[in-house]
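Below you'll find a set of structures to go through.
Look for chain A in each of the two complexes below; its partner is chain B in the first and chain C in the second.
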Partner chain A sequence: MSPGRNLVGWLNVTPLLLVLIPFFVIPICVVLAVSFVETDGFGGLYPVFTLDNYAMLFRSDLTLRLYAATLKFTLLTLLFTSVIGFWVAYFLVFHVRSKLIAMGLFLVCTVPFWTSNIVRMISWIPLLGKEGLINTGLQGVGIINEPLEFLLFSSFSVVVAYVHQLTIFMIVPIFNSMARIDKSVVEAALDAGASRLDIMRMIILPMSRSGIALGAIFVTSIVMGDFFVVKVMSGGGTASVVGAFYEDVGVLQYPTAAASAIVLTLVVMLLVAAILRVVDIRKEITQ
Partner chain B sequence: MTKEKNKLSRRQVLKTGAGAAAVAASPLGAPLIWAQEIKDIELRHVGVSYSVVKAIGDQAAKDLGFKVTMQNLDTSASINRFITQPNTVDIADLEGWQAKLAVQRGVIQGIETKRVKEFDNFLPIFTKGEFEGASISREGISPYEALYMEGKDSTSLHDGVSDWMTNVPQVYNADSIGYRPDLVGHEVTEWKELIDPKFSGKAGILDVPAIGIMDAALCMESAGIVSYGNKGNMTREEIDMTIDKLIELKRAGHFRSTWTTFDQSVQLMAAGEVEIQSMWSPAVAAVRVKDIPCTYAAVNKKDGKEGYRGWCNGMGLMKHLEGKKLEAAYEYINWYMSGWQGAFVSRYGYYSPVPSTAKKHMSAAEYAYWYEGKPAPEPITDPYGVPMEPAGTVRDGGSFIDRVTNISCWNTLMDEAAYMNKRWNDFKVA
Partner chain C sequence: MSGAKKTSRKSGTPRGNGRPWTFYALAGFFTLYVIALYGPMFSIYLLSFQDLKGGLVFPMRGFSLHWFEELFMQTRTGDFSGSFRRSIGLAVLVTLFTVVFSFTAGLAFRKRFWGDTAVFYLMIASLVAPGLVLGIGIGIGFNLLGFQTSWYTSALGAQLSWTLPFGILVMFAVMSVFNSDWEEAARDLGATRWQTTRLIVLPILAPGLVAVALFGFTLSYDEFARTLQTAGPLNTLPLEIWSMTLNVTSPALYALGTVSTIVSFFVIGGSLYLITRIRRKRAASTAAGE
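Entry: the complex of A and B
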């Protein structure tokens, strides 16, 4: 490799490094350092090395329950967003003949995202509440006598809000990878007598894998790192990993919060690594 | 010319708005220089939204001639900012327990008691720790507990009045329960109603661990389930008993939802999700403005149980303030105590530490309704002029004296806060 190429390589990664080092690497190093020190319990840090913060975390069954709750939401959200995202993308790529209309519809998918996450989440509350549109509608028609309480302030409403917020993160990469599938491959398969199911199973699904994997990385890292949707939509009825250490920060327990944050970062990294193990995105994209 | 005179004439300059004329009348022309100098000053007053209010900052800026920026954060974000980025704040809006932490961490400077003009008119709650001849509760951190410090740069509190204050109290109130009288069907005067099985699936509780646990403790104590040595500083055992009972209630489906913000509590009640929940007085009023009946429970102390959970916010001066900016900060504090702000917060149900100045800025009818607990002689409006109550309404919980003398504990941060937080999360995830 000539020095010239080396230099160009470094220049290429410079913008990314300029963002990542001050806004990710340094803060996470600070968090890492804080997770190993002692505190006076009221915001003061003593530069004394300790493993207590981690020991407390791993000895507490609260940690397990928090991860169980957060993982449950992550998996449910992944399931629904990937199914919905896949079919939306499939429709746009293979059923809409005109490229222009497909692009237009694709942009329409992003319309709800012109407003904030919070607004989109909160707007479910008047719909799902005890005296909300759905319950009053169903009661009006006479299908139910008592309002359905599971609709709001439940795991159900949390998943609804997540799916609504995050499906676009599935649609975009899946749309992208599907759009790159050569249509003549599908035609050839049809000519060779393949059924629709075969085409789906043997061509489209395998060739959209990288899109699904990318979407899964977005969804997993967002849901694992969220606390606000859980807090509002569950009516405080359940907690999340981040929510728990946010409250630690609230009472100035920095080291335990830092230790939780580090563990969460590692868990998310492991999940992402697992996804990448199943699908080699790098290889698929450069194909 | 003394400093005192200097200030007076500057006020006149600003008030009349006829700078040149007033300066001509002033022998040395100093006010103009001061007015020029302070024009570029900006005070950043940071704190929770119910205490740091934009309309108040705007009025202060108008009256004082320098810029005031109000910035809102939630309770935990505020204390974190005061402690980790003290230089980004000028005036820290502090609750008692936050003042205690801020002093320990050395991020605030003492406020000279004798420079607080209305100090002599402060209610004895703040200067003697008593009110109407009785000591105020010292469970939790009362406004008296963490109000004074040893010296200007001290990192320890002083028990009782000293020359230096940690903060100047500006707004306080007594929190209890809000309920729908039409659905509950009887008057609520005891905390135990909140955990009564008859409200299963229709109750709500505050989900800010540090104070939610105190509301829960008031309920447990009222129902005779747990008795506490000090609800404001529980032992691990007391925390365990309280949380275990909360978990049991949650598993039985008792709580429809919890809430963290003012608006959430209003929505829960207004949308019919809950019939009874721990609630703040102005939130109850906000529900009523929507034409939905809602009552603020008068939980007067009895048999060593019940009582309101009190809180108080005050203004602390950050350590970095000096020179003209520090002068401006004192001006700002004194403006707060001069009545306009006291009247403003009173109009949504909070109280001023110097009711005598607030009274001057309120109509007789307003004072009768908000402070004296009398039937409103005329319709009552909120600080922005929105109609709130028709003539004849009596305020829930009665007069100022009835409410404040019945505070049985104050917002706090317990010694076992870390443990309590962990247990509170057990409750959340159960």
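Entry: the complex of A and C
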């Protein structure tokens, strides 16, 4: 490593750092600082050190319930997106024989990602609503007499919206890691008498692990940091960690909001760090 | 649903011409996924073309452009045109910065340099940090410094802290196909570092840079959590939609969705067109060169 190479490297990441330091590092430090001060309750901050904001947070039952609700959504979304993402990617890589068709179908999966998530979320309302397509359809056929209430403005619709938005974050990395599997390895395994179940278990699953991990990082951080989907799709009935401190901000309780924000950030970072232990993300994406 | 597909059989002819049964099962699964992906979107596009009697659910009542007119008239539905223009402006700014900064950072990360791992994980941390937390931090920070938050300062920075890591990850994927021998060859022939970047690296990576631009634009155009506390007094489009989902219960909401999607499709189509054009031009010029 010559000094020249270091200089060039640092010069090239300077623009990145000029964004990350004022708009990521400093804001997090500001939130951290605010979480340790007192407030007059009207948005004013007193520079007096206190741990009350954290004490209040950890003593409250609400905190636990909020985290339980948010983690439940995260786990359910992870489960559905990874299962759907895995099989979609598997189909495209191992079952579609023409490369061109596989790329075309892959593009079909990715196009909605480029459109507004919010619009895609509200698009479930005419389907799942009390007088929505599914309810009227089922009633029309005579399967149900009363409209199913749980379809919209419920935990169900929240998970549907998350899965709808985020499955793409699983498909792309899993597709990438599966595309790198050497087909001749699979052939060799078949020649050696492996069943297709063996191949799935011993070749494809282990080699897609990094893709699943990368997808899990995206899904976890997005669901944990979201409050928009929960708020709209649960009809306001379900709170989330972010939603709760957003309300604190609304009533100018900055220090309590900041304490909650710091705890959430730590939780998300720990979860991501746990996933990163499974996979060396930098090696995976640069190789 | 998936359990049934997991159990694979030894029988069948995996390498013969016949398709294994899993092909049909997964093809069905894939089709269902695509229907679930696009179906809901089409329902709101349809419902946005209702007339005055229209509601939020099927059946469709009448056919007109009434709700689109309402949208642009800025009546009950809020400041749609203004927020739309700001969102486009912001997305263009974010795209420019994202492309240039991701490109230079991508160049940097190709080689190891002292402290590169720290910068890399700082970037990952910025990607996964809850958006609203950053938004609040930036909002309070601007307040403390006595600056007014606005979409072209604080919101721009807030969005870049999320689009840049994304753009750089895409850049990694793009650069994994880049062969550094080409660069060395240029240097051996006497090209300066700047000439090598401009004449060799940039043209080769051009399609990938268009992809980064597409990411930058669409992520910004749709950004909500980081923008909420940083946009200042004037809303961007997602913020406008957010307030509409809370107040507006007319198909105007769907009309907004339709317009927003049309813009997205133009951006996607334009990017794909640009990528294929660059590729075709390159193929033509290499053919001519031989």
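One rule holds for everything that comes next: the second predicted complex is superposed on the first by the 267 of 287 C-alpha atoms of A that agree within 3 Å, B and C clash if a C-alpha of one lies under 4 Å from a C-alpha of the other, contacts with A are read in each partner's own complex, and residues count from 1 in each chain.
In this section, a residue touches a chain if its C-beta (ideal position, glycine included) is under 8 Å from a C-beta of that chain, and two chains touch if they have at least 3 such contacts.
Predicted, not measured: the structure shown is a model, and the values here were computed from it.
Visitor: Once chain A of both complexes is superposed, is A:P126 in touch with chain B (first), chain C (second), both, or neither?
Guide: Touch status of A:P126: both partners.
Visitor: Quick one: name whichever of chain B and chain C touches more residues of chain A.
Guide: The partner that reaches more residues of chain A in the superposed model: C.
Visitor: After lining up the shared chain so the two structures overlap, which partner does A:T265 touch, if you call chain B first and chain C second: first, second, both or neither?
Guide: second
Visitor: Now for A:V279: first (chain B), second (chain C), both, or neither, which partner does it touch?
Guide: neither
Visitor: Which partner does A:A213 contact after superposing on A: first (chain B), second (chain C), both, neither?
Guide: Once the two structures are laid over each other on A, A:A213 reaches no partner at all.
Visitor: Where does A:F42 make contact in the superposed view: on chain B (first), on chain C (second), on both, or on neither?
Guide: First partner only, chain B.
Visitor: Is A:L152 touching anything from chain B or chain C once the two structures are fitted on A? First, second, both or neither.
Guide: A:L152 contacts chain B only, not chain C.
Visitor: Have a look at where A:L166 lands relative to chain B and chain C in the superposition and call it first, second, both or neither.
Guide: neither
Visitor: Once the structures are superposed on A, label A:A102 by its partner contacts, choosing first (chain B), second (chain C), both or neither.
Guide: neither
Visitor: Is A:V249 in contact with chain B, with chain C, with both, or with neither (first, second, both, neither)?
Guide: both
Visitor: Quick check on my understanding: which residues of chain A belong to both its chain B contact set and its chain C contact set?
Guide: Looking at chain A, the two contact sets intersect at 125-126, 129, 131-132, 232, 246, 249.
Visitor: Could you pull out which chain C residues touch chain A in their complex?
Guide: Touch list, chain C to chain A: 1-2, 5-10, 14-15, 19-20, 22-23, 26-27, 29-30, 33-34, 36-41, 43-44, 47, 56-58, 97, 100-101, 104-105, 107-117, 119-120, 122-134, 136-138, 140-141, 144, 157-158, 160-161, 164, 168-169, 172-173, 175-176, 214, 218, 221-222, 224-225, 228-229, 238, 241-242, 245-246, 253-254, 256-257, 260-261, 264-265, 267-268.
Visitor: Where on chain A does chain B make contact in their complex?
Guide: Chain A residues touching chain B: 41-44, 60, 62, 65-66, 69, 125-126, 129-132, 149, 152-153, 231-232, 235-239, 243-244, 246-253, 256.
Visitor: What does chain A use to touch chain C in their complex?
Guide: Going by the criterion above, the answer is residues 1, 5-6, 8-17, 19-20, 22-31, 34, 83-84, 86-88, 90-92, 95, 105, 108-109, 111-120, 122-127, 129, 131-133, 136, 164, 167, 176, 187, 190, 195-197, 200, 217, 220-221, 224-228, 232, 242, 245-246, 249, 254, 257-258, 261-262, 264-265, 268-269, 272, 276, 281-282, 285-287.
Visitor: For chain B, which residues count as touching chain A in their complex?
Guide: 75-76, 79-80, 83, 101, 104-105, 201, 207, 209-210, 250, 255-260, 264, 267, 271-273, 413, 415, 417-418, 421-422, 424-426, 428-429
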